[in-house]
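Some structures are shown below for you to check.
Across the two complexes that follow, chain A remains constant while its partner is chain B and subsequently chain C.
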Partner chain A sequence: MSFAANIIVVVTFFFACGAGSAFLQKRLNLTSIAHGAVFGTGAYVYAVTAMASGSALMGALAAFVASGLAGSALVLAAERVVGDDYALTSFAFQVVWLGLIANIRPIIGGVLGIPNIPSLIGNTKQGNPVLYFAAIGVVFAIFVALILRKIARSAFALSAAVVARSSELADTLGISSFATHAQVGIAYGVIVGLSGAVFGSFLTYIDPTLFSTDTSITILAIGFFGVVGGIRGTSLGAIIIVGIPELMRFLGSSMAQAGFAQMAFSGIALAAVAVWSLRSSKNPWAETK
Partner chain B sequence: MISVRNLSVCFGAVRALDDITIQFPRNGVVCLQGENGSGKSTLLDVLAGFYHPNSGEVLEDGGKQSMRARNLLKLSARLHQATVLPLELGIKEYLSIVSDPSAGRWILTSDRRAEPKAESLQISQTVVDLLLAGGVDTSNSIRLCELSWGQQRLVALSAVVLARKRVLLLDEPFAGLAFDAKNAATTLISTEARSRLVIVADHDLHAMRRIGDVFITLQAGRLSAIRSKEQFGTDMLSEGVDE
Partner chain C sequence: MNLLSVIAPGAIVFALAGIAVRIQYSLFRGFDFAVAFAVVLSAESFTSASGLFAGKPAVGVVACSGLGILVAILVVVGWNSAIHRLFSAHSKIGMALLVFSLGVSTAISGFVGLVRGPGLRQPIWSPNQTQILPSSIIGLPAIYAIVCGGAVVILVLLWASRRTGLALDLWAQNQDFAREIGIERSTLAPVTGVVTGLASGVVGCYFALAGGSTPEGGLSAFLYGAGAALLLPAPTLNATVLGGLILGTIYVIVQLIFNQSIADLILFAIVAYLLLRRGTSRTVQGAR
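Coming up: the complex of A and B.
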């Protein structure tokens, strides 16, 4: 039971992150390699604030604000760089973030990380805490799916499509590219950052390796499933890329083996989706006109 | 009323615009002509707020107030030479968001992207005529990527007109258009120019002669001539350009 709940926790929070990544790609055509940094921002801010204030709620609130800001900063970079240059810029963002986190020892512990993070559900005496987190994960994933569906069906998505095509076109037609980028960034940051906050609270221990470029690639790969297959695709991606390696771990594989399996699944997914589905989902004639 | 004073724009060693001073009328059609590389598109980009001039300024209110890029973006709508459209959107979706950008301004409170909104899309008859002349039926929910190049050009022109800005900056609006579509485009531009300023840069002298009120010729980034409609027609005849 605990095994299954553990897998549900991991899958649901990575589902939310993948949905956030797909949201960026579908709405603004942005391929980011800094998901790990935003995920980690939520986790670190939650940990530091919750420990300093003694309140998990304060921690979650601080994580909400900080990850929204981090997400908007990341997405607003698209005001100046797009396409491959944006991917490279986001990678730089990820590397700089990781370099800072790993080297700042006061408060956040540098490479040693932060232990004894207060749990979001408090010191529950009754029941298995993993089950509580699994329930939180499922509710959060459903909430994220509903919010993103609402946005996809709104007129805002039309504005975002114009901005994604060209910021200059949007601005000249009276659609603010800055406001659109900022709002998408905040929504994305809050989704991914809050996932990180709850995930850190679940683990009760975080260190920089949990939010490395590998994590970014994992989230990006799940997001690619979402770009092609929507919410169902994101769910499938989270199960394949995160769920199966977790299952392997519980079945006796080492952490390293499970980690390599996860990277292999991510790589295969990225290559397959990029080569076949992303190209064919657009109109090749229109692109070459 | 806008004007430019001593405007110069350089790209490295290339002087794209060199000490240009022009006063534009409040409304009507101003045609920019000149060879490729004469600075027409650069002038439109400065007026659209996309380029900052190296020297000189864009002025409003008869030369009293210098305009910043942000003000120029609010004032004008720019049709680029290259057709840039969000190809995954439907025609109605695109024209509806362009005609009412406030509907999609806020992420959590924006209107539902409902069909009725697009169905009730109110666009002027001249825009409908323009699109129909190019075989674009706005009652269909066809995607922009499914249109031909010329049809996409017409949708791009319609979007700029629907943006409801005081100044329209049209870069080669007639390029690639068939006869009927070109006629509809000239009618649309003439109609719009009754209430706002339309600046057109194009190589089609016949189409420009039909719609233009003022003709500005640029040569190697410098202002070469400013002519009235009558002067321009006479010059075309003498140069053997006209029929």
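Coming up: the complex of A and C.
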């Protein structure tokens, strides 16, 4: 029972991150390889604030604000760089963020990370805490799906589509490219960062390896499932890319083997989506001859 | 002398990685992670083959290096041909190439990790202990990088001023004009594959010799190369080599003073700054 709940926790939080990544891709056509940094920002800010204040709620609030800021900063880089240059810039951000986190010893522990993070659900004496987190994960995933669906049907989605297509056209129509980028960034950052905060609270221990480039690529791959297949696609992506390796781990594979399987699945998904995109009429990337 | 023997290999490796990234960028007009998996496969081939040459480091380095470089060349030539066929209907494939090659690179790292297990794998010799010159600290990895890597850098620079090198330069600058005088991506792909494979192969073999190979090591090589290719604004191989030498020197000095993690941090802060400063968005460039 605990095994199943554990898989549900991991899958639901990666589903939310993947949905955030797909949101960024769909709204502004941005492919980021720094999802791990935003995910980690939420987790680290939650951990530090919750430990300093003794209140998990304060931690969650601080994570909410910090991850929104981190997301908007990341997305605002698209005001200057686009396309594959944006992807490479975000990759550089990811490496810089990891370098900072791994080298700041005071407060965040450097490579040793932060142990004994207060749990969001407190010291529950009754029942299995993993089950509580599984329930939180399911509710959070449903909430994210509903919010993103509502945004997709709003006028804001149309504004973002105009900004993604042409900043000149957006200017002509009176749509602020800067504000749109910032708003999309805040929504993306809050979704991914809060997932990180709750995930950190679930693990009660975080270190830089949890938010590495591999994590970014995993979230990116799940996000591409979402670009192709919407919410169902994101769910399928999270189950295949995160759920199956977790299942392997519970069936006796080592952590390392499960991690490498996750890398292999993520890579295959990315490659398949790239090929699909070039053959599809909805291809957002290529310009034909 | 000893400080130079520490800095020179790093600088040459950055220059080689830069050459590989720049050539692929010129050919496909996009960042290509083929460099990353060519480095991983070369390093893994080197390490695996070293078991056949226990006790003979000199012969082993030559033979394993030959194998590693050959593997990298075959991989990149095959990759270039496949990419050309797969994306032949499209002239601008930058984003799709980045995502596709990142996916293939990640999948290869995952499969390599599944097959051989996690962590560092080193050649059977103790390379850092192998001193070639008495009373000096110059080890086999440094000698390899300076002699083999230096020779490859010079060969590539000579190649860049020859017919195929100039054709690639023209292709990178103006594809329409290049087509008019008979230059096609299909004819450039195999030759550039050999040059990229050669550079990536030497980087992979150096990684294996110096610190051992890991399934994820190729990403670092790609990012070092991207930094070298972007450091100077001129989009030429000469500028890339110079950029690599400068960046590699900075990287090694920072690494000596602090640690590798801080060196990575500073290096990629420079890369991010350069990309943001130059900018490619329509708003920045004012294009309509």
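What we mean here is this: the second predicted complex is superposed on the first by the 278 of 289 C-alpha atoms of A that agree within 3 Å, B and C clash if a C-alpha of one lies under 4 Å from a C-alpha of the other, contacts with A are read in each partner's own complex, and residues count from 1 in each chain.
What we mean here is this: contacts are C-beta pairs under 8 Å (C-beta built on N, C-alpha and C of every residue); 3 or more make two chains touch, one makes a residue touch a chain.
Note that the structure is a prediction, hence the values are computed from the model and not measured.
Once the two complexes are laid over each other on the shared chain, residue contacts for A:256 go to chain C alone; chain B is not touched. Contact with chain B, but none with chain C, is seen for A:183 once the two complexes are overlaid on the shared chain. Contacts of A:166 after superposition on the shared chain: both chain B and chain C are touched. In the superposition on chain A, A:82 makes contact with chain C only, while chain B stays out of contact range. Of the two partner chains, chain C is the only one touched by A:272; chain B is not. Contact with neither chain B nor chain C is seen for A:135 once the two complexes are overlaid on the shared chain.
Counting the residues of chain A that each partner touches, chain B and chain C differ, and the larger count belongs to C. Under the contact criterion defined above, the residues of chain A that touch both chain B in one complex and chain C in the other are 166, 168, 283, 285-287, 289. By the touch criterion stated above, chain A contacts chain B in their complex at residues 151, 153-162, 164-166, 168-169, 171-176, 179, 183-184, 186-187, 282-283, 285-287, 289. Residues 30-31, 86-87, 89-100, 102-111, 113-114, 117-118, 215-216, 219, 223, 226, 259, 261-262, 264-265, 268-269, 271-272, 275-276, 279-284, 288 of chain C are the ones that touch chain A when the two sit in their complex.
Only residues 31, 33, 77-89, 91-93, 95-96, 98-100, 102-103, 111, 166-168, 177, 213-214, 217, 221, 224, 256-257, 259-275, 277-278, 283, 285-289 of chain A touch chain C when the two sit together in their complex.
The touching residues of chain B, counted against chain A in their complex, run 48-50, 73-74, 76-78, 80, 83-89, 93-94, 96-98, 101, 103-108, 110-113, 117, 143-146, 149, 152, 159-160, 163-165.
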